[in-house]
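Below are structures written as structure tokens.
Two complexes are shown next, each including chain A; its partner changes from chain B in the first to chain C in the second.
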Partner chain A sequence: MHIPDGFLSPQTYLPAWGLAGVAWAWAGRGLARRLDETLVPRLAMLTALAYALGLVMLPLPGGTSGHALGVAVLALIFGVRLAFLAYSGVLLLQALLFGAGGITALGVNALALGLVGALVAVAVRRLFAVAGDTVAVALAAFISLQVSALLVALLLGIQPTIARREDGTPLFFPLGPEITVPAVLLPHLLIGIGEAALTVFVWRHARRKGWVSA
Partner chain B sequence: MNRAQSWLLLYLLTVVGITFVHQAGWLAAGLGLALLAAGPARWRLLTRAVLALLLFNVSVSLAYALVAWWQARPVADVLLLMNLRVLLLVFLGFWLVDRIKLLEALAGWPLLAMIATLAIGQVAVYRRLLDDFRLAFRSRNPVSPTPVDLLRHAGAQGGALLDKSLHSADQVAQAMRSRGAFDA
Partner chain C sequence: MRALLLSGWLLALPAAAHEIVVETLSGPANVVRLHYADGQPFAFEAYELYPAGSEVPGQVGRTDARGRVVFIADDQPQWRLKAWSADGHGVEREIVVQAVGGTAVEVAATPARSSLWLAGLGGIFGLFGVWQLFLRKKKA
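Moving on to the complex of A and B:
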């Protein structure tokens, strides 16, 4: 559901880049020590999966696309910091190689999908841990996708308000939140079910392999 | 700073600059200039750029045209400005990737370069494996498979994909280890 280049005003994407820079520094601190020949192949595998998922997309009139993310599975297996960094790499590759997303929108996309998505996934799994592993993981994936989708829809929806000519003509993305929120959220309710199923599938695979503890 | 990084920096400054331009004429001139400068690759890159944004921008443009018509607001100026800007930005992105080696440009950020290297390798593994599975599945099903067959196949393929991908990434990681990539 990443936002393409050219839809966000500098008032939005420049502060987002600044914030993302701070977040990347936080996420990358001490990471080199954690990465070894055991962790790296798993990370590479699931990062590539997230990359592949992001390319099977359905354009939405709300200014973004509908697709599964794979952020939740990255976060649940590797933690928020590594998931955020890995997904930022995915967004960069998708933007440069396929024109999906974009460089100006990278900060916003990384924060909304990579960081918030990962944080929500980990928090929801902890919150619903008592409901059993499968339910908690499925809910974590589903809810993290919806929160990211809502954030993206709101950020797009505020563009006509914060970047317009004196006569009110929008300079960037032209549709308001009354359109973006339902247009982005409704398809993601369905996509979220697929994301939840996929996350549970990969999570179980990871558990069978002993990558994560029960 | 190597050549690829210089191009990356120039590209970043240009895309930021473009988002401060709000006249369709200037954006069209910028696109014309970029097309001229891109040399023989220009039409291939332009086609790729148009295809990449076509579905996206058509859906947004139609939605806005409908809303603007309903509210009796101007349509053409807004859509021209938005679509020209998006096309120029996407074209520049493709042109950059066509001109430079991405991994060379990321050389200043070892962690990002490592993740990108591994991810690009994995993407190639996925693509190859998916093709193999698709062809094998097709050759075993002279008649159209049922939804149950498809689901069973997808499950088997998913598991194999993860295992194969992990094996491949493991080999890359071992190669990186032997070259000191994980030495502190």
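Moving on to the complex of A and C:
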């Protein structure tokens, strides 16, 4: 789901970098105070899990591939700010080492996957808290993935409208939202089930160990 | 009668310009293969191939069932390949053909994926390890 370089117009990625910069500053404020000696190894471990999940490609019907994110589990255990920072680091590593997602697109990817994914996960879990922990956590992971996927699909889909040559041909990603939304969302409905199951499994383990601080 | 034949022949001349002539040639070409990290081919997806410095593609089309783009470089060694699928997967990459018009394929040697994967994990644990040391030092 990471958007690569060359698919987004500067009208999209430059404001996104600016917005992401503000969000990183917000998330990093008071970081030294919030990160204690017991939290750092856990955060390292689950950040490594998110990094690994992003690189395990699952073949999907239709000849495409997809992967889980691991943002929801970070957000539900450590909170939105730490999850956003940690996942931004994961995105940077994946872009630099594997070309999975681009450097110009890093701001967009960090906001859509890291920040929105984490915010939605925490909000949905609170919203469905009455349904019980397992249901609430599963829904949080599933819905946060779908919202991030929808955002990515829409950002790709608006590119032909906002950046085109004089003859009308798109300069960057050429397909509109009527194609990108189903193409991105449908595979993520399947991935979301796996992401939800994994998030519940890890979250339960974390709660048993008393790690949940969000 | 002769005038009729002549006028018929003259009228047929412009029609010949609309005929598509098929020639079968054989010669060296360049092949670029696109695939997902798990080896699954990036099959039947759209691509555009631009000669270096040009905003007009020199070739457009779809990858074949094995995710390949086949092109003839002529005298242009540098190209930019842009390929995408509807779900946002894709790549934009500079390609330098090793021999113009030759059969050699671009693609610079890259480290093994497992090495990069481990390097990333090392980076994550290293960064958090440094942070942990910093916290301990601050506490002491």
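As a working rule, the second predicted complex is superposed on the first by the 204 of 214 C-alpha atoms of A that agree within 3 Å, B and C clash if a C-alpha of one lies under 4 Å from a C-alpha of the other, contacts with A are read in each partner's own complex, and residues count from 1 in each chain.
Note that a residue touches a chain if its C-beta (ideal position, glycine included) is under 8 Å from a C-beta of that chain, and two chains touch if they have at least 3 such contacts.
Because the structure is a prediction, the values reported are computed rather than measured.
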{"item": "Joint occupancy of chain A by chain B and chain C, clash or fit", "value": "clash"}
{"item": "Touching partner for A:T104 - first (chain B), second (chain C), both, neither", "value": "first"}
{"item": "Touching partner for A:T47 - first (chain B), second (chain C), both, neither", "value": "both"}
{"item": "Which of chain B and chain C A:Y13 touches, first, second, both or neither", "value": "first"}
{"item": "Partner chain in contact with A:I162 - chain B first, chain C second, else both or neither", "value": "neither"}
{"item": "Contacts of A:G28 with chain B and chain C, given as first, second, both or neither", "value": "first"}
{"item": "Which of chain B and chain C A:F173 touches, first, second, both or neither", "value": "both"}
{"item": "Winner by number of chain A residues touched, once chain B and chain C are compared", "value": "B"}
{"item": "Chain B versus chain C as contact partner of A:L85, first or second or both or neither", "value": "first"}
{"item": "Partner chain(s) touched by A:M1 [first = chain B, second = chain C, both, neither]", "value": "second"}
{"item": "First (chain B), second (chain C), both or neither touched by A:D36", "value": "both"}
{"item": "Superposition clash, chain B versus chain C, among 4-12, 94-102 or 112-120", "value": "112-120"}
{"item": "Residues of chain A contacting chain B in one complex and chain C in the other", "value": "4-7, 35-37, 40-41, 43-44, 47-48, 51-52, 59, 63, 65, 89-90, 93, 97-100, 165, 173-175, 179, 183"}
{"item": "Chain C partner contacts - residues on chain A that touch it in the complex", "value": "1, 3-7, 35-37, 40-41, 43-44, 47-48, 51-52, 55, 57, 59, 63-65, 89-90, 93-94, 97-100, 152-153, 156, 165, 173-175, 179-180, 183-184, 187"}
{"item": "Chain B residues within the chain A interface of the complex", "value": "11-12, 15-16, 19-20, 22, 48-49, 52-53, 55-56, 58-60, 62-64, 67-68, 73-74, 77-79, 81-82, 85-86, 88-90, 93-94, 96-97, 102, 110-112, 114-116, 118-123, 125-126, 158-159, 162, 165-166, 169-170, 172-174, 176-177, 182, 184"}
{"item": "Touching residues on chain C, where the partner in the complex is chain A", "value": "36-38, 40, 43-44, 46, 55, 82, 84-92, 113, 116-117, 119-121, 123-125, 127-129, 131-132, 135-136, 139"}
{"item": "Interface residues, chain A side, partner chain B - complex", "value": "4-10, 13-14, 28, 31-33, 35-38, 40-45, 47-49, 51-52, 59-63, 65, 85-86, 89-90, 92-93, 95-100, 102-104, 165, 169-175, 179, 183, 201-202, 205, 209"}
